[in-house]
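Listed after this line are the structures, all set down as structure tokens.
What follows is chain A paired twice: with chain B in the first complex and chain C in the second.
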Partner chain A sequence: MSRAVSLASSVAWVGFLVTLPLWMDNLYFLHVLIIAGIFIVAAMSLNLLLGYTGQLSLGHVAFFGIGAYASSLCSLGFEIHVLDVPITLAPKPVWFSMLVAVTFAGLCGWFIGKISFKVRGAYFVIVSVSFAEVTRLVALNWLELTQGPMALNNIPFLKFWFPGIGDVDILGKVPNYYLVLGVAIVTYVIIRRLVHSRAGRAMIALRENEPLATSVGIDVTRFLVLATVVSAALAGLAGAVYAHYVRIVDPDVFLFIYTVTMVIMVITGGKGTLAGPIVGGLIFGILPEVLRGFEVKPELQWIVYGVLMILIVYFLPDGIVPAVRDAWKRWTGRTGAPPAEPTGTAVPAEARP
Partner chain B sequence: MSATLTPSSAAVAATAAPGPDAAVALAVTGLSIRFGGLTAVEDMTFEVREGEVLSLIGPNGAGKTSAFNAITGYIHASSGSIVYRGAPLVGLKPNQIAEHGVVRTFQKTSVFNGLTVLDNVMVGLHRRAKQHPLAIMLGLPGVRRDEARLRDLAWEILDLVGLRARAEETAVSLSYGELRLLEVAIALAAEPTLLLLDEPVSGMNPAETGAFMALLARIRTRGITVLLVEHDMKMVMGVSDRIVCLNQGRIIADGPPAAIQSDPQVIRAYLGERYVRARG
Partner chain C sequence: MDQLLQHALNAMILGGTYALLGIGLTLIFGIMRVVNFTHGEVYAFGAYMMYMFVMLIGANFIVSLVLAVVLGVMLGALIEIVLLRRLRGADIDTTMLVMIGAGIAMQNSEQLVWSGVAKSINSPFPSAPLVMGAVSVSWTRLFVFAVAVVLIAATYALIQKTRLGKSMRATFQDREAAALMGVRIDRVHTATFALGSGLAAAAGALLGPVFVVYPTIGDLASLKAFAIVILGGLGSIPGATIGGFILAFMEELGAGYVSSGYRDAMGFLLIIVILLVKPTGLFARKERIG
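Here is the complex of A and B:
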């Protein structure tokens, strides 16, 4: 796709999404979009690890949950006792708490990246799953800090200061919708810049051929850690946005099923593509609600969910976005300029069985 | 010595053949490599001088690739020292060795399969890029300028190896000979001062081999020292300034191509009587 076409389609998309609340008065559907958007941000951050460095993190929800808890606790304040020494934190402004959450999630990502610097493939999966389980148990059992299963309640909402307008409460559907949209665009731009740079190429090189990558001087560990940090920080940001939107956080945010949902979004949409997690996230974020609209029973919903995923993975193993891109290429290739002169080594498409 | 070479290769060797007084670039001293009880390389000592093309030859299993892997940090030497331009390389990781300008290719064809030819070279340019992660995420204009500069460098390298026409193709769609050229292009992108080529023309037809020898001549004119492992004797005799012959992990001969060709030990161990008869 040419640059002009892709730019025009991006602008059209963003324009559509910005004006959506103006003509969409179904608040429930807006809520569905907000939750889907938050998951899309998390899925985009997972894609940086899974799609670009090729490392499957099955504990990605840990960073999401850490962001949610860190931001909530910082904005609510807390008092804990370590060895009978009380440690207190007065409530902080929400925007500051969110920054703390992003930083703290990024630090956890750095830690995970460092301890797993030598493990790849299955071992990386085990490290990440264990990490997620540990964070869930901490959230469940450190009652003094997290209230455990009683959950953190009455989490304050974000106040945003706009020049000329003053403070705006990010409370309710429409302001949160715009907040999520903004965060999603920022996330997309950051990841896009990364993958089209020296850093992103180093990550892709690690995925494609690690010995060759090191032979040209790429410190693969360093860039794996960088990917983990950025990925974790963005997942933490998604968690913080989630916490100040639903305003109640319990240990269920660490459930394994949420990691699975993110992985499904990335894989069906197309891992290693910028648009993949967005497409996958829209499908699997909105689909349950569409099914509910048709009054499909919950058990049946899960079956439809599963069958759809199997069909996508079976027929489009690279995901939806690469399949559409290839189809587009074939289409423009046929109608557009004639292809370059055939080479002796290339196998003609008709010759294949 | 060039008088004894075949005419086609004389031009290659004459471009920049360094004298015997050229500075030592790479010094391998007493290198031994053992895998458990098996000794792959034993007490290997040789030097590569600045600007020369040195070939390591020897029958299969003689320890050539093991020596390559030890020099570039992919396996650990059991004993001995490897010094490049005064810097010891033993114990460094492959990427740190690349930082010293020592870059290799692999015996088994090794490229970034899923990327385009141009992007393959762009990955190779990693060492020459000046982009801080924060600057990348903030989208600073310096990053975009750097990307443009890298792209120009990548095109220049593709011109050098002759792959410009294939730049937008995915690496998997290349022919075997083109893949081997792409490997060299990736290695050249990393700005080597010492380039280690592991059987670069194995599996190539004579025409492709000839083109590769011409490429090697162009690489020399850039002042890049080359350490070559190769089985194709016509190529080795044609491009090398000096040859080190290994057998069963030991060096059995070291000298210019003409001397190696007539060395009785080499003929017995490696080339065999038939080669001598064929030469007439």
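Here is the complex of A and C:
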């Protein structure tokens, strides 16, 4: 695919998404898209680990939830007592709180990566899944800080300063839609630049063959930790956006089932492809709403998800995006057209060396 | 001091079932290289089967326990044959994803069948506890401990003394070499998964009457089993046995002296400490890369 076509389809996609609220006045559908967009950001961050370094983070929701709680608490302010010494934090502006949340989630990612990549294998998976459970327990039990099951309420919304317009309240569906769209584009660009950089090639090299990567002098553990930090920070960003959109956060944001949703999005769309999490995120962001229309019980929905996950691993192990691309290649090859990259997605999905 | 003694006694009793859970998981990981996310769900399955036989059908307690374990073994064999057999040789992430999918489907099936309401199981033992000086223990818990110890001993005997155990140990050491020597790897894998699942179901069936049964108990059971197995070293059976008791002690003491809300966080704390101090676990074998 030539650069011009690629650019044109990117512009077309972004244009379509930017103008969507102008001709789509169904607020409910917009809400579904906002939530799907937030999950897509989280899934993209998970893809960086799962798809590009080959490490499955099964506690990814922990970083999402930490982002949500950190940003909410920072913008609401709190007073806690550690060994009877009061620690207070006055409410901070929301944009600042979101930065704090991203930084804090990244730090947690660094810590988890640092301890679990001492040993290869299943350790990272197990440490991350336990970490998520502990964060849930803390959110549930540290009443003074998190209100526990009573949840954090009345979380302030984001105010954004635009040159020439002044302060804009990011409140309600349409402004939040644009916020999520902006965050998703920024996340996409960050991940794309990262995986196409030297660090990204190192990650892919170690996914493909770790001993070989080590033998050519790649500091494997360092790049694994780097990927975890970036991934955790972006998941934290998604969580912060979520918190200031729904404006209520309870310990249920840490449920394992949300990690599973992200994992399903990534592997369905295609792990290790830039477009995969977007395709998967759109499918599994909208599917629950369709199922709800048929009054399907939530348990049944999760059973369907579980079975679907197994079926995808068996029959579509690379996910939808690579499958579509291969089918396109075969089709164009048979009709005698020059070999072309798929144009269905706005991005060069192939990122393997 | 009395309080400490009481906590220690409780921990011993809980540790027996934790060890069962850990041995099952570590066997499956060691021999099959599968991170088994259905382990906790088989535990929950055991607990629900116990509930069904004892409370709904009214069967004898011991008979119910045996039936629950047998059904757990059959469920394990079924999972292995249907889901894992065709994935032989696949990498560890692929099997893990399949196991997660299966775990999700199983947990929500439990929720669909049994509803989210917690169920309790009556035990036939006298409700008055056995008092020994300053400490006391319920008869149900004593029974649970005794059965757990018998099952652990039986598992050791199976692995050390029988032909099947020999095949399992051979497969654990070197799958290809074992296959070349005429070990039927397929059968060993099915037997291993069935045995591991049977132990998980036994743990669930034993702890069901002690605590209450609800659909998400499997999540915590899985996490605890993972903690135990990391503690002992992935694949080490003695490690899992001792790891089970260590985790139980940590939880009891943590709940008793720190805060009961963080009881279930102790396993994670244990994992962190182990990874910082001795990343390969307490009883590491030679090869530790999964």
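Just so we're on the same page, the second predicted complex is superposed on the first by the 306 of 353 C-alpha atoms of A that agree within 3 Å, B and C clash if a C-alpha of one lies under 4 Å from a C-alpha of the other, contacts with A are read in each partner's own complex, and residues count from 1 in each chain.
In the analysis below, a residue touches a chain if its C-beta (ideal position, glycine included) is under 8 Å from a C-beta of that chain, and two chains touch if they have at least 3 such contacts.
These figures come from a predicted structure and were not determined experimentally.
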| item | value |
| --- | --- |
| Touching partner for A:N154 - first (chain B), second (chain C), both, neither | neither |
| Chain B versus chain C as contact partner of A:G54, first or second or both or neither | second |
| First (chain B), second (chain C), both or neither touched by A:T88 | neither |
| Which of chain B and chain C A:T214 touches, first, second, both or neither | first |
| Residue contacts on chain A - larger count, chain B or chain C | C |
| First (chain B), second (chain C), both or neither touched by A:V189 | first |
| Contacts of A:A122 with chain B and chain C, given as first, second, both or neither | second |
| Partner chain(s) touched by A:G306 [first = chain B, second = chain C, both, neither] | second |
| Touching residues (chain side chain A, partner chain C) in the complex | 54, 56, 58, 115-116, 118-123, 125-127, 129-131, 133-134, 137-138, 140-141, 256-257, 260, 263, 267, 297, 299-300, 302-303, 305-310, 313-314, 317 |
| Chain A partner contacts - residues on chain C that touch it in the complex | 29, 35, 83, 86, 92-94, 96-98, 100-109, 111-112, 219-220, 223, 226-227, 230, 234, 259, 261-262, 264-265, 267-268, 271-272, 275-276, 279-280, 288-290 |
| Interfacial residue positions of chain B with respect to chain A in the complex | 72, 74, 93-95, 98-99, 103-106, 110-115, 119, 122-124, 126-127, 129, 131, 133, 136-137, 139, 143, 146-147, 150, 165, 173-175, 178, 186-187, 189-190 |
| Touching residues (chain side chain A, partner chain B) in the complex | 189-190, 193-194, 196-199, 201-202, 204-205, 208-209, 211-220, 226, 230, 340, 343-346 |
